[in-house]
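Given below, in the form of structure tokens, are the structures.
Look at the two complexes coming up: subunit A is in both, with subunit B in one and subunit C in the other.
For the complex of A and B:
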């Protein structure tokens, strides 16, 4: 698993050096009986604005603004620097004051969602690649619908050929729920075998009520259910890769707004 | 026994080149000296001369100004002038605008940025004004439409041309050798031409000695000397000696010219691709060096019970040199260390060993890399390469290869593509996969661009500056020839809309107007392909598969 490229390591070193320089400068201000929070606050806001530029870069693909991968590396390293600067600025893990607590909550939400996103982006693609033939996210509902139609066709064929409605009742009571939409989301996200175990148990429980000809249909039905399980897994992983950004980008925007307001208030009343 | 359905076995001439050819036309042709003087008994019963004329040729009528050939185009047919006069443009070549080609102009930074607000929400919007006064002569069948020169005297004034008249054969070298046309030809008067597709031309060359002599002489005179001189092997050889060598060179062709048709069918069926026609076997004694003139051939060696691909050779590459040179130096004959197999279609020149021993080897330095040395790699590391060869992705010069272990499926690449093409993406992030690699459905800008064969207006062409295969939207008539030819299904026909978002339909039938679209490597945009720049994880590259590990640099 890639964690850090060579360029990323170099940027990290530069960020560490920049932080050390700022820490020395802030200490100097403090020794001179000044308020270092102003210096660290402005630096933190500058870094946060730099981080926000990554989103702008994504919107401006038509102009040569450098490779997005370089921007992402900058974004990750900048994020780490922002955490260090935040602690230097606040002087504690948790601030006092209602407004500052809201700011801290937003800040930590952005940091944690960013860190989780970083891990998701490094873990999920490999798992997805290994999950068989991949279907584009937008086409998954159509694929699920196709599997459901095929399953229902198997049920009808079974009823017609065997004259028994056992498999149809089983479908109605158990598998209809399963084929309706993606299931076992979290099990699939965490890579558990929950879905497969559930299917095995349902299949085993049903088998004793079926005769030989119905069992052929049951096998066919559960093959489709397994294909659906693969599709559910792909849906869960692709959803995770797409939707984690909603926990990161909107709070980031809110954080910037709150931070700018914080800056205005500080400049108006605290200096 | 299971029941079977019957089908009359398909024959070569089930689909004639020109279905409208009549018996009268064939008789007219046979009365002409070009065909009347041919000894018909030389032709096999399965492919008689009149059958070739009936099925492998068609009559083409042109009007003054009609462009018959454009330099740089690929084609699979030659032309024999039956009546009228044509002009070959010698120098300077006709400008791209007159040839119906795209005028590529790089956008400036701010012009590119303006796409942020000028891109439309409605897909495939076109400015209809671009389609007026475009020098296109419509025909009953879309694929018979032609681009024509509107002012012949001006062209004759500004360009040096040569007149060619009845009885002249032209376009045969490009048709047989699968190389670009070297000159543009236009009609000076009303003319009647016989267009001969390459299969018929191949038979005429094979069974009619006069045709063979004419075609070979034309090739030796016009192309072979230049080709040999541009080959590094003969770089230090005197001009006069190269001319002598040219006299000894043999021409060979392996595989099928229409490999892409079979390939596409097999691919749609999900069947394995054929392994190709063997040209030389490992262990054989070489009698000469093979120079690849066009197409591709794979170099392989025995490995277990199969063949291991070591590399593939394309135009300008040489096979058999290592063994011949070693044999020359040691005085012992060395067998071939590797096999050579045609990948689809390959056109070769065989330079006999005695010629090389006399003119080249005495002053030649030993080859730095021997083809057989490539077997030193671990076979286990060759999976991607072997797959690329099997799937014919080796044709690509700019395949879109995505490392799916890095790709987070964010579609930033697709959005970036759309942002540089009026809001319309020009590829699909989907395609053939091997292990964690995917070759997405994006134009690969092939070395052997079969999509360019048969475009009636030359709308699809190579950009002269960059070599990128581009479609000129203004002259594309939406006939679909390129999309049907592309073996990788990377060209899409789209229905277009006017600037107010209304679908454009033709007034006669009310059917939608189509245009061919494909990746153009952002040829007019600053900064190169936007898809590559937009990937935050360096998962996407445009690659030539000859370089075994396209992501080596990124993963270092």
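For the complex of A and C:
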């Protein structure tokens, strides 16, 4: 897994150079008894607006504005630059004032959620690829429904052919719960084999009560359960890839509002 | 697994950017092929929307849902497969969009709600978070100020306008008016917000309302630098950034900032290693107010058996450690000097009025003596009756005056007829009467002094000329007390001088002196103890029988006034004849030594005599040490005294230079360099402790201050005093 592409490395170098130049300029202003907060503040705001443009780029997917991966790299590198600029601007990890604390809180929330999201976006696709067939997120409910229908068809066929309701009762008592919706969410998120072990245990416990003809249906049923397990994994990982944005995008909007407020207040009272 | 099950013919096209998704899928059921409508209603109550082809209705179920159904549409055009409607749910993207808008909206509401103390939200939260703070003042703070000035905008502690707590002193003085204390009326209303955002603000002016400097507040070090042309004015906030918390050090100044401007020679990282040498006389650059020769006192006077008992035990005996700061000031005159120098001050008296010798009877009034050439009572200001009323008629001269007054009051008797006498021929009796008139000789044999000449504007050698003004003054003194003297002093020295100079002069004493002169009798004060006390301590008036003289005390306002006038360019004295001016000067500042009061025995006559005498005024007597002007040097004795002990280690830094010609200072001419009793202090002395190895501070601000001569306006100090609970 490559954490950083070549373009990303280049952008990171450029960002580091830009930050170094800004740091030198700000320090020079400070040394000359000036107020560097003005310079660093406007630069930080510019970077934050640039980062916010990433959302706009995603909405305008039909417009040729460059590859999304390049934008994402820009977003990530820009985020790192924003963190450095923030510390340069504030001069401390934590400010003291009421709205500045809220501002810092939002900033750190956006940064942390962004970092977590970056890790998720790097880790999950690989695991999705490894987990077998990829199904887009919106189709997963239909897929689960289809698997459930097929499982119930297998149960009916078994009852008709064997005349035994053992498998049917097992489905009703155990597997019906399993097929209703995605299960073992956190196990799938963290890549554990909890789901598979559970299925194996259930299958092994059931096998003792089945005759030879029923065992074929049991095998078919548990193949469907395995497929459902993979679908659960798909669902868990894709949910993670989509839901982390709830911790990133809304706070980003709030952050921008507070940043604009900060700009107004500073211009009103201090500049 | 069927890999083709998502083909476009068998699978519906997913649109995650749509606002809604199928409600059945949301509960993990099979979604219908048609999906929800854009307005959030279920679009899948039927399998399809049959199409009317002109002849009948056709099923239009999509291939993904199984293609056209067997039953086909109903005759009325409705789909034959109907389902109950689902409850579509919002898609993830739609939820996220709504969450984003909501977050922005909440932020906006919070900002508006908590932006000021006027807002109820802010007040409620302030009450919850800091009930102690939200007292009477906070609640009443959103109205207009008492003085009818701009609206007072108070902000609760939890305000989204407040970027952080102020440091202690600033927090206290802003309690009354809140933000407006520094920010004026910006933000007090929508109009001020709009104009405030679009116009530049510099709070330096507000800072300068309380923080004063000896130079321009917006120039480096508050100095009017010649080469600062074109440079941007500095703002206080560039270095002093407030709202960083109550404990924030807003006066911190790292060395790097000093080095950014100062020349390469001053750019160093170690005080102990690289600091340039101090000045040749450091820190004794100029004379102090008192001419105290440490060497002579320690080496001669205090070894003298007569004074040994009074000799101080050490530096701390004279230098008041409790008031130590940049200097360790000396104690009071009464505590330190009076034992030896007390009698010196009153040893010489200032003779203000001298009773001069005269040969004309002062009790000659034209009203009683028609042949007299004396000026009339209106011109003198005193009549014979006034004089008798004031002085009585106990003395021979005044009794004779009384008789003449009585005689003048009787009606004139008819002269007896003298038939034998021829008109125009003097009789022998007349001649005898004339012979009986005695010649007048004044008791005093004194000549008028310089002060008489100054006050009366007379030529002291011309007894004919000065007699009339003298007579008028003395007779008026007999009747009116010191008022005529005050008038003369006011007239000569300016309004108020009389009251100042004669404050301790007793009316009865003056009148008695005037009456004695009128009676031509030597003045004998009733009680001379007062004069003796004056010589010992307090200022007092006395007389040697023929004068009024003043003996000064320490810190005497009369002598201060005279010396100030003599050292300055007082117009009254400048207008005098040079000879008279020198005579007056010789009274106070004789060439031969100390004059009246012996002020110059201990106080520097003129501090400007020394080159670089920063502690001395341009000219004039130096009464007290002026506030030191050591430039940017900021030394505090207190931590050193506390660390080393009181009076025990002074000589560690302040080493006496026994060879120093300190006495030469007294004879120094303009331009001469001041010579101290002490050896200069060098960098090494400080570096003994102030070095990295000792762990003692050695940054620039340890010993230097950025601002030149900073101070706080008086009203701030009074505000501080009021804010203290004990006060």
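Heads up, the rule we're going with is that the second predicted complex is superposed on the first by the 256 of 271 C-alpha atoms of A that agree within 3 Å, B and C clash if a C-alpha of one lies under 4 Å from a C-alpha of the other, contacts with A are read in each partner's own complex, and residues count from 1 in each chain.
One rule holds for everything that comes next: a residue touches a chain if its C-beta (ideal position, glycine included) is under 8 Å from a C-beta of that chain, and two chains touch if they have at least 3 such contacts.
Just so it is clear, the structure is predicted and the values come from calculations on it, not from any experiment.
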Touching partner for A:64 - first (subunit B), second (subunit C), both, neither: first
Subunit B versus subunit C as contact partner of A:99, first or second or both or neither: second
Partner chain in contact with A:56 - subunit B first, subunit C second, else both or neither: neither
Touching partner for A:20 - first (subunit B), second (subunit C), both, neither: neither
First, second, both or neither for A:149, with subunit B first and subunit C second: second
Partner chain in contact with A:241 - subunit B first, subunit C second, else both or neither: first
Dominant toucher of subunit A (residue count), subunit B or subunit C: C
Partner chain in contact with A:129 - subunit B first, subunit C second, else both or neither: first
Which superposed partner A:121 touches (first subunit B, second subunit C, both, neither): first
Overlap of the subunit B and subunit C footprints on subunit A, listed as residue numbers: 133, 136-137, 242
Sites on subunit B touched by subunit A in the complex: 109, 112-113, 115-116, 404-410, 412, 415-416, 419-420, 429-430, 433, 436, 525-528, 530, 532-538, 555-556
Residues of subunit C that touch subunit A when the two form their complex: 1, 3, 5-6, 11, 14, 16, 21, 24-26, 28-31, 91-92, 95-96, 99-104, 106-108, 110-111, 114, 157-165, 179, 183, 186-187, 193, 196-197, 200-201, 203, 220, 232, 234-235, 237-239, 243-245, 248, 256-257, 259-261
Residues of subunit A that touch subunit B when the two form their complex: 2, 6, 58-64, 66-69, 71-72, 120-121, 124-126, 128-129, 133-134, 136-137, 238, 241-242
Touch list for subunit A against partner subunit C, complex: 30-35, 95-100, 102, 133, 135-139, 141-142, 144-146, 149, 180-182, 227, 242-243, 245-246, 249-254, 256-258, 261, 264-265, 267-271
